[in-house]
Amino acid sequence: MKLMEYQGKDLFRRVGIPTPRGVYATTADEVRTYVAEHPGSWVLKSQVMMGGRGKAGGIKFADDAQQGETLARELIGKVLKSVQNPDGEEVKSLLVEEKVDIASEAYVSIAIDRAAKKPVVLVTAQGGMDVEEVAEHDPDAIKKYWIDPAEGYSPYIGRQLAFDAKLPEGYRKAFPAVLGALYELFMDYGANLVEINPLVLTNDGRVIASDAKVELDDNGLYKHPDVAQWNKQSPADADQAAAVAIGLGMSNYARFEDEPGLPPKTVGTIANGAGLGMGTMDAVKNAGGGAANFLDIGGGAQAELVKNSYKLVTSDDRVKAMFINIFGGITRGDQVAKGIVEALSGDDVRKVPLVVRLTGTNAKEGLAILAEAGFVPVETMDEGAARAVELAKGAQ
Amino acid sequence: MKLMEYQGKDLFRRVGIPTPRGVYATTADEVRTYVAEHPGSWVLKSQVMMGGRGKAGGIKFADDAQQGETLARELIGKVLKSVQNPDGEEVKSLLVEEKVDIASEAYVSIAIDRAAKKPVVLVTAQGGMDVEEVAEHDPDAIKKYWIDPAEGYSPYIGRQLAFDAKLPEGYRKAFPAVLGALYELFMDYGANLVEINPLVLTNDGRVIASDAKVELDDNGLYKHPDVAQWNKQSPADADQAAAVAIGLGMSNYARFEDEPGLPPKTVGTIANGAGLGMGTMDAVKNAGGGAANFLDIGGGAQAELVKNSYKLVTSDDRVKAMFINIFGGITRGDQVAKGIVEALSGDDVRKVPLVVRLTGTNAKEGLAILAEAGFVPVETMDEGAARAVELAKGAQ
Amino acid sequence: MAIFLDKNSKVIVQGITGREGAFHTQRMLAYGTNIVGGVTPGKGGTTIESGQPVFNTVKDAVDATGATHSIIFVPPFAGADALWEAHAAGITLAVCITEGIPAHDMLRVVATTDGMRIIGGNCPGIISPGKSLVGIMPGHIFKEGNVGMISRSGTLTYEIVDGLTRAGFGQSTCVGIGGDPIIGTTFVDCLRAFASDPETQALVVAGEIGGSDEEDAAAFIKEHIPDKPVVGFIGGRSAPKGKRLGHAGAIISGNTGTPESKVKAFGEAGVPVADRPSDIPRLLAERLATATA
Amino acid sequence: MAIFLDKNSKVIVQGITGREGAFHTQRMLAYGTNIVGGVTPGKGGTTIESGQPVFNTVKDAVDATGATHSIIFVPPFAGADALWEAHAAGITLAVCITEGIPAHDMLRVVATTDGMRIIGGNCPGIISPGKSLVGIMPGHIFKEGNVGMISRSGTLTYEIVDGLTRAGFGQSTCVGIGGDPIIGTTFVDCLRAFASDPETQALVVAGEIGGSDEEDAAAFIKEHIPDKPVVGFIGGRSAPKGKRLGHAGAIISGNTGTPESKVKAFGEAGVPVADRPSDIPRLLAERLATATA
């Protein structure tokens, strides 16, 4: 679950990381009122998920209430577009923050290092720009530290990193505490990534998190129901919402946009298991087609879930044929077959040509059910993919 | 720092350990008002540090407001005496708690195991009585578990203990969570001991901490200023307060009561270092006398501290002679000598015959200062103790 | 030989009376796994229908049976607890089937369970065909033999193994390492064990997009087992960037986890990468032919 | 030989520019300790007056000097951090002088610093007379010789050592293990090292009331070194119950930590317990006479 900047900063404040003074606003009136009551220079930051909002015109500066209101009216409702986000993202709210006098900008993040099985801290004195760019042009400027979760964080780690990364002296006192708080957030809230870029040193000696990028592990969200709630309020990802709505795991469904130069994505896919799900969409590609989606019904799926998965995939109008690919382990073939028959017996689904491949646990029973309903299943994944691509082309 | 029951339960609630409903009261009026507003059966528990308050008449039951007020008037101001506390302790406040229907009583505690260098958990199904008695009569009924601080607590530990100690089934669900919260308290608040005795299982299936015994490590108190404050409000130990008042560590001063069958405690002692302090009081005993106190001026003491230590020890009227025993390491002999001379030059101290033994770092300079002031120091600890005992006897 | 698991390994089931635990206990018993008991708190002292004793705690189970292996079927929130319990009781290999354990629980578990090998979580388990199955794989598709197999996915493993078996390639041991970002045993950990297993004469490494476990595996193969024939596979090669596909770990973020990087690494290690699972037996036969030539 | 510390041990000082750190650095240098540098964050790149380099971090210091030993002079709240920093940098023996470190910090540190010996906290340090002093002891009272000494107290150590030296008993190594409830190195840890040190022909164990370290020491002596002459001492024998005397660990609570229990345990191990420090040389001479008879 990716958080918006204002949500990330909410978590920052919970663990004691200093953030700029300011207010979160969803209307231009709120912005006017706030700036009127707090004279000074303010930054209006569009709250969107996409990167590059600055270049897209999503950040403005206001010196009085009137200007604040005008700019807020301009921003709220605007659709920001960037290279990474050609479709754009609508601005629904703003973060109004004090304009700080920047003496220096640093970068700090903590992520999971899968190979080391440890959290890894990255620090560089070159804050304010994309860290991948820094990694490319000046890799030695990025200092890393792997924290042992058994020992946890202790301030010497922050001191070592600050010295190694040559952070300006003004950071020295505050940095170990900021990093400690960031590690607390990372572990307690179960973050895949926490990033402060830039961590600003102001001219008056304060160290402040000017931006906040936080991505939480969906599996750990249950520990923080209030934070999990944020996701429901503004689901970052329509696919995730759709998956959860029918009882799948958040990341068990993903819809793929058409890509220039590739075949149109007209084949719906359903498989059991993430690996087979990926294999199935790859097989569609290998057969010269395009998978419209990835859908993993998980282990031990019941008929109802299969039925709803079918409905979800065919709700995408582009889907002209469906390939269901099941290799039973926990999942029982008879349950899947039942789900397919049920799905197609109702009037509430859009029916498309269907290819079923069913093997493994209870395959025999499943195949019997399908045979009774008049389906002729295919034997292999390759065969199924080829057949589905063919059917999709025929249906166009 | 030992906490009173109501303070311990305050911490219990912070970590989520269920405690009985109720109120803390310092006047009989408060008790009347509370019981009037909350009809039912209530227990009035005297808030004292001493053990055995029940047998000493410090716990009463009230079924209505009038009775509550009457009993509270009786208890508040009463001096409770027990075998361990012959001098008694005055009741200054009460904890008024719901009278729970007890189905079963268990015991659980966490302490520091010095040899194992780990927290050790003790659990027995025989709650409500002194655990040392259980240990004597039925040692197998007490189950122990050493928690690895690197791994921390996990519920399997509580499950294993509950099964091993044969806690009634009603505890099963709640116990691992209670123990987890108790461990959190133990580590986060730095407790030497946390004890729930009894941990009650009620007839309606609740698991509640009926009593709370918490002893915190003084060295960790700075992490919880609000809790450290409790100690200032009601210093549990007059010696500790006196030590802190002159800038010593909390446990660097202890006054000893006279004991029947032993020589009267008439020799004041001051030494540098805890070990030498203990050795000095032992030496006084070996010389046939009685040390009135232990006082460790610590390492690197300055003249001012030596002076104030002298004043503190002689503020005890029983002290007829003083033995100052210094083996300089960090502590410098000249500083100690200066302090002695200063202490005795003022009119604000009660002067008693003094024996000084001074060796180690800067001993020569110190001895010179003492010689100039007319003192003749002794050479060894044994000699000094003997001389001080003699002087104290002569002065009586 | 096989790795990690043999015919005599004594296995307990954590969560033996739960729905999944009970179901797979029977399947494992049917396969011949030496299941000596199981754990369900509160059901200690009973036995399941097939006769295996149930204990309240892993410690009780280990004390009574001498079990060294455990397979875990518990809800995600109890996953870390189950692993710590197994470790504290002296279990040396724990297979964690549970899907959805928070990554940060696993970070802590991995850092504090020295001496215990963890397979998973979110994995199909491990099988040494003809000897023992500690997992949820459909045993009948496997066949005893000399090909070692490691995979991040469950069902994809079945797909590949099914093909191997049909093509006549039996397996020494197949390990499903799991699809989560933090898992107990990585490709490299398995490769290290396979490297010194004389029974294993060839290997199949079935990776997927996300992370760099495949790159690490390729580097290990290049340095330590250049002479053992290995065939690779990467699932999710047609996936666009930034989409998380079922496995919490299967995502291309930025420049890490791309199929291009993985295919390149395998290539540099002399490992051919199959475009589709059905190509694997052919590539394996070719590699074996070259190796013995 | 000596234990833990010899002439060549390279030592750094954590907190070398602080008041106590600077003072004792000079005293240790004067004694002949091989101090190769020190650490004060923010003063990296400078040198102290006597020429030793100052580094920003322990890692920098170890990288530059190859130090293996460290002595720590930092405030109590920074004690655990200093120990972790030393451990992470590869220090193998850390002497922690700092008094007042929370016991629970030490619980965590001890559990997570495998491979590094910690002496203290709240201790006077360690000295191998004539070779090296890593501590705050007054070096001139010590004399090179064959008596090993371990003690929970600082100044009492001086008292006893002074007596030993005056009586002609030089010392191999003296370790002040510290007076806190949780310390890195216990009596037993020291005894284990002394047991295999041929230079150490006799031992003095100076305990005090509180805890059961003396009982554990007695049990170890009885089982593992019954033939090495040992003399014991217990400080605070005249203390009443329930009073904490200076050291956080020095308290008789309930039935644990009583002098009676300790004296009895020593007696059962054949270790005579001196009533006063001044008796120790005589008892030692007697034990040595019996041992060589």
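We just call them A, B, C and D in the order they show up, numbering each chain from 1.
By definition in this document, a residue touches a chain if its C-beta (ideal position, glycine included) is under 8 Å from a C-beta of that chain, and two chains touch if they have at least 3 such contacts.
Bear in mind that the values here come from a model prediction, so they are computed numbers and not experimental data.
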Contact distance in steps, from chain A to chain D: 1
More contacts between chains, B-D or B-C: B-D
Between chain A and chain B, centroid-to-centroid distance (C-alpha), Å: 54
Centre distance in Å when chain B and chain C are each reduced to the mean of their C-alpha atoms: 55
Rounded Å distance, chain B centre to chain D centre (Cα mean): 27
Inter-centroid spacing, chain D versus chain C (mean Cα positions, whole Å): 49
Residue numbers of chain B (touch at least two other chains): 148, 150-151
Sequence positions of chain D contacting 2 or more other chains: 108, 111-112
Arrangement of touching chains [line / ring / star / complete / other]: other
Each pair of chains that touches, named by its two labels: A-B, A-C, A-D, B-C, B-D
Parts of chain C lying in touch with chain B, wherever the complex brings them together: 41-42, 44, 56-60, 78, 80-82, 84-85, 88, 108, 111-112
List of chain B residues in touch with chain C within their complex: 148, 150-152, 154-157, 159-160, 163, 169, 172
Residue numbers on chain C that touch chain A, as the complex places them: 20, 24, 76-77, 99-108, 110-112, 124, 136-138, 141, 151-159, 162, 179, 181-182, 186, 206, 208-209, 211-213, 216, 235-240, 243-250, 254-255, 275-278
Residue numbers on chain A that touch chain C, as the complex places them: 112, 114-115, 117-119, 132, 148-150, 186-187, 190-192, 217-220, 222-223, 239, 249, 251-252, 254, 256-257, 259, 271-279, 281-286, 291, 294, 296, 298-300, 327-330, 359-361, 380-382
Sites on chain B touched by chain A in the complex: 150-151
